[in-house]
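After this come two complexes, each holding chain A, first together with chain B and then together with chain C.
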Partner chain A sequence: MESLLLQQILNGTVVGSVYSLVAIGLTMIFGVMKISNFAQGDYSMAGAYVAVLVFAFLPGWLGWIGSLLAAAALIGLLGVFTEKFVFRPLLDRSTDIDIIMVSIGLFILLENLALLFFHATPRMIPDPFGGATIRLGFASTSVMRLVCLIFSFAAIALLELFLNRTKTGVAIRATSENRHAALLMGIDVNRIYGITFGMGTAMAGIGGVFYGTLFAVYPMMGVMPTLKAFIVTILGGMGNLRGAIFGGLILGVAETLGGTYISMEYKNAVGFVIIILVLLIRPSGLFGRRESL
Partner chain B sequence: MSASASRLKAVLGIVVLIAVPWIIRDRYFLHLLITAGIFVILTSSWNLLAGFAGLLNLGHAAFYGAGAYASALLAIRLGLTPWIGLICGGLVAGVFGFLLGIPSLRLSGPYLAITTIGFAEILRMVAMNWVSLTRGSLGLYGIPPLTAIRLGPGMRIDFYSERNVYYILLLLLFATIFCFRRLTRSEFGLTLKAMREDEIAAESIGADSNRYKLTVFTISAFFAGVAGAFFAHYQRLVSPETIGLGETFTILTMTVLGGLGTLTGPILGAVLLTFLSEGLRFLEDMVKIDVRMVIYGLLLIVTMLFMRNGVMGLLTRVTDSVLSRKKG
Partner chain C sequence: MKKRSSSSIFVLLFAFSLMCTAVSPQSHAAEDTTIKIGILGPFSGSLAFNAGEMKKGMVLALDKVNSEGGIFGKQIELIYGDTECKPDKGVAAVKKLITSDGVLAVGGGYCSSVNIASTEVANIEKCPEVVAIAISPTITRRGFEYVFRTSPDSPMFLNGINRWVEQVKKPKTVAFFMENTDYGRDGEKIWSEESKKIGAKELDHLYFEIGDTDFTTQISKLKGLSPDTTFNIASTTEAALIQKQARELNFVTQWIGVGGQFTEAYFNMCGATCEYAMGSSLEPTLNVKNPECAAFVKAYAEKYPGARPGIFSGQGYDNLMVIIDAIKRAGKPTGDLQKDRDRVRDALKTTDVKLSQGEIKFDETGQVYTVTPSVVQVQLKDCRPELRVIFPPDLATSEYQSPKPWDQRSCK
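On to the complex of A and B.
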C-alpha cells in the first residue's frame, strides 16, 4: 500500500517534470510578451517528430542526445520564425483574444501539416536503455523515466542560469518587467521578443521529445501538452517561472494519484477540476500573480 | 440604401431560400445546406459571446453536445417527442451556460479560455465514460427523427426527407437571427459592447456586468443547445466527438472568417466554409491528400493578420469604394 503510493508519487513526478518543462516555455512567453500561445503543445509535437527522424539515422542513446539538441535548435528556429511572421504583426494592435485566436490558427495548421506529412499512425521513440529498470528504496522506475526527470530539471536549471547570468537573459527579464523602460535603456525589444519566443518553443520542443518517449508520437498529440501547460501555468501564476515548476509537479502527482485512487477514465479531468477550483478561489493562481519573470 | 430597398432584398432572399429545394433537387446539396444552417446557429450564438460581449468561450461544443445528448436521451429513454426535445435540449444547454457563466464573471482572456475548454473536456469525458447512459464512444444511435405532422386522414408531413427537414431548419434559423438582431440592437446589446470595450466604465454608468454576462452566456448556450438537438434528430447519431475541441475550433474559424462581432459575418462564414470544405473534398479525391484542415488553419491566421473584420469587412470596403467612385 505504502509502496504503491510512493511509486505513484515517483511516476507523477516524472510526468510532472515534463509538464513543467513545456509550461515554463509558455509562461516565459506570456511573461515577456503577454502572448497566450495555444499552439505551445504543437511545438512539442514537432519536437517529437524531430526525434523520430533523428532516430532513423542515429540509433541508441547517441540518437537520444542528438534528438534533444536537434529538437531544441529546430523548434527554437520554428518559434523565431512564427513569432516574426505570425505574432509580431499583431502585438501592437490587438487584444489578448486576437492573439489567442491566431495561436489557435497555428495550432490547427501545425497539427494538420503533421498529419499530412507523417500520417496518423503513432510512432515510438525507442528507449535507448532497452527498458532497464532501477530500484530507489520503495519504488522502482525505468532508467529512461529517471533520465527524463533529470534532463527536464537540467533544461530548466540551464534556462534559469541563462536568465540570471547572461546579458541577454537580464535583458529578457528587464523587458518583461517594463517594456518601455527596457527600450529606453537601449534594449532591442524586438530582438528580445524573438529570442524569448524561440527559447520558449525550444523548451516545448525538448519537452516533446520526453512526451514522445513516455507516451507516443502522433500528429494530434499536441493538445495534451498545450492544455497541461496552461493548467500548470495558471496554477503557478502566469509569467511565474518558479510557479510553473511547482505547478507541473503538483499536476503530475495529482493526476497519477487521481488516476490510481479515483478513476483512470477521469485522470485528465483532475487538472481541470483543480484549476476551476483554484480560479474560483484565487483568480491569480496558487502562487499569486507575477506577470514578469 | 433605403429601408424599402433593403426590405425588398430580404424578401427576395427569403423567397430564394424557400425555392432552393425545388430548383436544385440534389439530396446531397440539401444535406450540405442543412449542415451549413446548423453551423449558422452555432456561429451566431458563439459570436454573441466572443464578438459582442468579448467573452472568449472555447467550450461552445459542450453546449451543442449537451443539447444533442439531452434531446436524444429524452426521445430514446422516455419517448418524448423531438419537438419538445428541441426546447429541452436548449434548456439543458442553457443551464450549463448559466453554470459556466458563474466562473466567467471573474475571468477573462486565457483564464476564461482554459476554464471553458476544461468544462467541455470534462463533459466529453462524461459522455465517453458513462457507458450505461451514453453508450460511450459508440455514441447514441437510433435517435428518432422529428415526429411526422398529421394534417388529416392520409395527409402527413414526415421528416425522413431532407427537404422537409430543411424547411424546419429554415424556420429555426429565421427565429434565431430575428432574436439575435433584436438583442444586439437593443439596450442589452449596446451594454454588452460597452462592457467589452471597457468593463469598469460600463459599470460606472450603472451596467450590472455580472447579470449581463450570465444572461448572455445562458442565451448563447440555449441556442447552441437547440442546434445540437436539431442535429441529433437529423443525423440520428450523437457521439462524444460532437463535444470535441475540433468542433469549437471550426465554429471559431467560421465566425472569424465571416467577420467577428457582426450579425451577417457568422452566417457568411458558416455557409462559405461548409461549401468550401466540400469543394476541397473533391480536390482531395484528385490529389489524395487531406488538405482541408490545413487550409482552415491558414485561413484563420491570414484573416487575423490581414483582414481583421473578415469577409464582411472586405465586402463593405469594396462596396464603399465602388460607391465613392460612382459619386466622385
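On to the complex of A and C.
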C-alpha cells in the first residue's frame, strides 16, 4: 500500500541529500576561509562533465564508481588550484565584496568554458542499473536514486570521520575556530586553506555526478545547486557542518511536501520562504551560533 | 608585488570570461555589403538543442541562397540574438537587432513568452518579425501589422489531437502537467475546454519551470490520482526527464503533448522509455509525399550526415526562406531602412510559397493557415523509438497503441 506522504518524503530525502553534499562544501569553505563561493555549483557541473567523459570510456558499474573517484580527485585539484591562484591573494583584503566578485567571475568563466568545450546540448549520464525500480513497501523509487542516497550519506560519514579523527581534519576545525590561534599552534594555515577548498569542491564534484545521473548535464546546470547550497547554509548556519547536512534534507523534503500539499507552482519558492523566515526568526541558522566544523 | 600581479590576473580572468559570455558572434560588417536578418532563439540553457535544430534548418536555407548569389548581388548575413527563453533577455536581444544591428527583418523565435514580448517591441519599432516556432495564439492576435508566423499556433496544433481524444480515446479522467509559461498555459486552456466538452473529469493541474530537473513530486502526486490521460506540454530536456522519472516511480498514463519535444535529443535521452507518448507534429519525415518536404529532407541529410531533420529544422528552414522570399519581392533595398522594412512587411502579406511544412500563406492577422500538423505517437521498432502518424485514419501510417504497465514492456 503506497502512501503519497511517505513517497514524497523519500523523493525529498534523495534530492535533499544531493543538496547537502554541495552545501557541505560551501559551508566548509565559508567556515574556514570566510569565502562565499558563488561558483560552488559550477564545480558540481564540472564533476558532472567528468562523469560524462569517464562514461565514454568505461561503461556500466565501473564507469559510475570511476566517475565518483575521478570527480572527487579532479574537482578537488581544481579547487586547490583556484584557491591558490584566485582566492588566496585576496584573503588579506578587508572587504568581502572582492571575494564575492571573484567567485562570480569564476562562475561565469566555468560556465562559458563548459559551453565552449561541450556545447549547450544537454546530456544524460547512463544509469548503470538500466532504470530498475525498487518497491520499499510504502513507496517506490529507482535503484539509482537509492544508491545516490546511500553514497551521499557515505561521503558525508567519511568527511565527518576525517574531520574528527585525523590530524589534518582537526587542524581544519581549529583553523575555522580561530585562525590566529591555529597559526600560533604551528598549523600551516595556507596548506589548510588549500585542503579545505579542495575538499569543498570535491564534495561539490561528487554532488555533480549525482545531479548528472538523476537529472541532466548541461553548462548552465550549476546555477540551481549554488542557489540551493546557499539556502541550505543559511538554514543550517554558515560554517556549520551538521547544519548543512540536516539543512539539505530539510530543504529537499520541505520542497516536495510544500509542492504536494500547498502549491506545485510555488515549489521552488519554498526555499526562499525558508530563508526569509530563518533570517527573521533565527539569523544564525537552525543549528545555533556559527560553530567550528 | 604579489598582490598586484594577482589582481591583474583577476582582471584578465574577468575580461576573458566577459569575452566568452558572448554566445553569438557580433558582426560588424561594413554598411550595405550584406543583407542582415536578425534571428532570435534560446541558444543557451535547457532549450539550446532545439534552438540549434532551428539554426541548422536556417543555415541550410542560408547556404542554399548565398551559394546561388544571395539577393540583389549581396550575401545574406544572419545575426543571432540569444533570448535564453527569458522575456527580459528576449526584449533586449530584439531591441539590439533592430536598433543597433539595423536588420531588415527578424526571424526565428522559439519561446512563446519571449515572442509575445519581442513581437510587441518589433511592432513598436516598425520592423517585421516573422516568428518561426512559438505557438501561443496571442502572438498574432493583437492586430500587430508587422508580426507574422510561419508555423501553426496552438489551436491548430491541438485541433487534430482534440478530434482524436473525442473519437478514439474518450478518457474519463484527465490531468494537466504543464510548463509554467504561455506555451504551457495556452495549451492547458484549450485542453481544459476540450475535457469539459467530452465530459472528462479534470483531476489536477500541476506545473513546472523551464530548467527544473526534478519532477518526482508532481509525478508522485499524479500517480496517486491515476488519470487516463495526462496532458503534458514540455520541451525536450524536461519532457525526457519526465518520462524517465515516471518510469522510476512506476507511473503509467497516456501522455499527450504538443510535439515540440520529439527531437533527436529527446529520443537520445529517453530511448524506449518514451514509448506511447503522443503529440501533434510537423516532423518533416512524416510528410515526404510532399515533394518540397522530400527535397528538404534529402538536402538536410546531405548537409548534416547522420543527423535527422526534426520539426524545428523544418520550421527554421521555412521561416528563413519565407523572409528571403519576401525580401526578394520587396525589391532592391533603397538604403532607407524604415522604407525597406515597410516594403518587406507588405511583401510578407502576399506570401505564397511551398516549403517543407506545405504551402505557406498568411491570413489577415499574419498567421499561416495552410499548414496542418499530424497526430503522432512514439512507437518502438526493434526497441528504438519512432514517430508514427496515427490519426486521422486516411493519413495514418500506424494504429494507436494503449500504454502497457512497465513490467509488461519488452523493451527496457
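Here is the rule we use: the second predicted complex is superposed on the first by the 287 of 293 C-alpha atoms of A that agree within 3 Å, B and C clash if a C-alpha of one lies under 4 Å from a C-alpha of the other, contacts with A are read in each partner's own complex, and residues count from 1 in each chain.
Here is the rule we go by: a contact is a pair of C-beta atoms (placed from the backbone, for glycine too) under 8 Å apart; a residue touches a chain by one contact, two chains touch by 3 or more.
Computed from a predicted structure; not experimentally measured.
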Superposition on chain A - do chain B and chain C clash or fit: clash
Which superposed partner A:Phe246 touches (first chain B, second chain C, both, neither): neither
Contacts of A:Ala216 with chain B and chain C, given as first, second, both or neither: second
First (chain B), second (chain C), both or neither touched by A:Met238: first
Which superposed partner A:Tyr43 touches (first chain B, second chain C, both, neither): neither
Which of chain B and chain C A:Tyr19 touches, first, second, both or neither: neither
Contacts of A:Arg145 with chain B and chain C, given as first, second, both or neither: second
Contacts of A:Phe197 with chain B and chain C, given as first, second, both or neither: neither
Partner chain in contact with A:Phe55 - chain B first, chain C second, else both or neither: neither
Contacts of A:Ile108 with chain B and chain C, given as first, second, both or neither: both
Common interface positions of chain A, toward chain B and toward chain C: 86, 89-90, 102, 105-106, 108-109, 112-113, 115-116, 265, 268
Chain B - residues contacting chain A, complex: 50, 54, 56, 103, 106-111, 113-115, 117-119, 121-122, 125, 128-129, 245, 249, 252-253, 256, 289-291, 293-294, 296-301, 304-305, 308
Residue ranges of chain A in contact with chain B within the complex: 30, 36, 38, 86, 89-90, 95-98, 100-102, 104-113, 115-116, 223, 227, 230-231, 234, 238, 265-266, 268-269, 271-273, 275-276, 279-280, 283
Touching residues (chain side chain C, partner chain A) in the complex: 2-3, 6-7, 9-10, 13-14, 16-18, 20-21, 23, 43-46, 48-49, 52, 180, 206-209, 211-214, 216-218, 220-221, 223-224, 236-237, 240-241, 244, 247-250, 265, 268-269, 273, 406, 412
Residue ranges of chain A touching chain C (in the complex, touch as defined): 2, 4, 7-8, 11-12, 14-15, 85-86, 89-90, 92, 102, 105-106, 108-109, 112-113, 115-116, 119-122, 124, 130-131, 133, 135, 140-142, 144-145, 211, 214-216, 218-221, 224, 255-256, 259-260, 264-265, 267-268
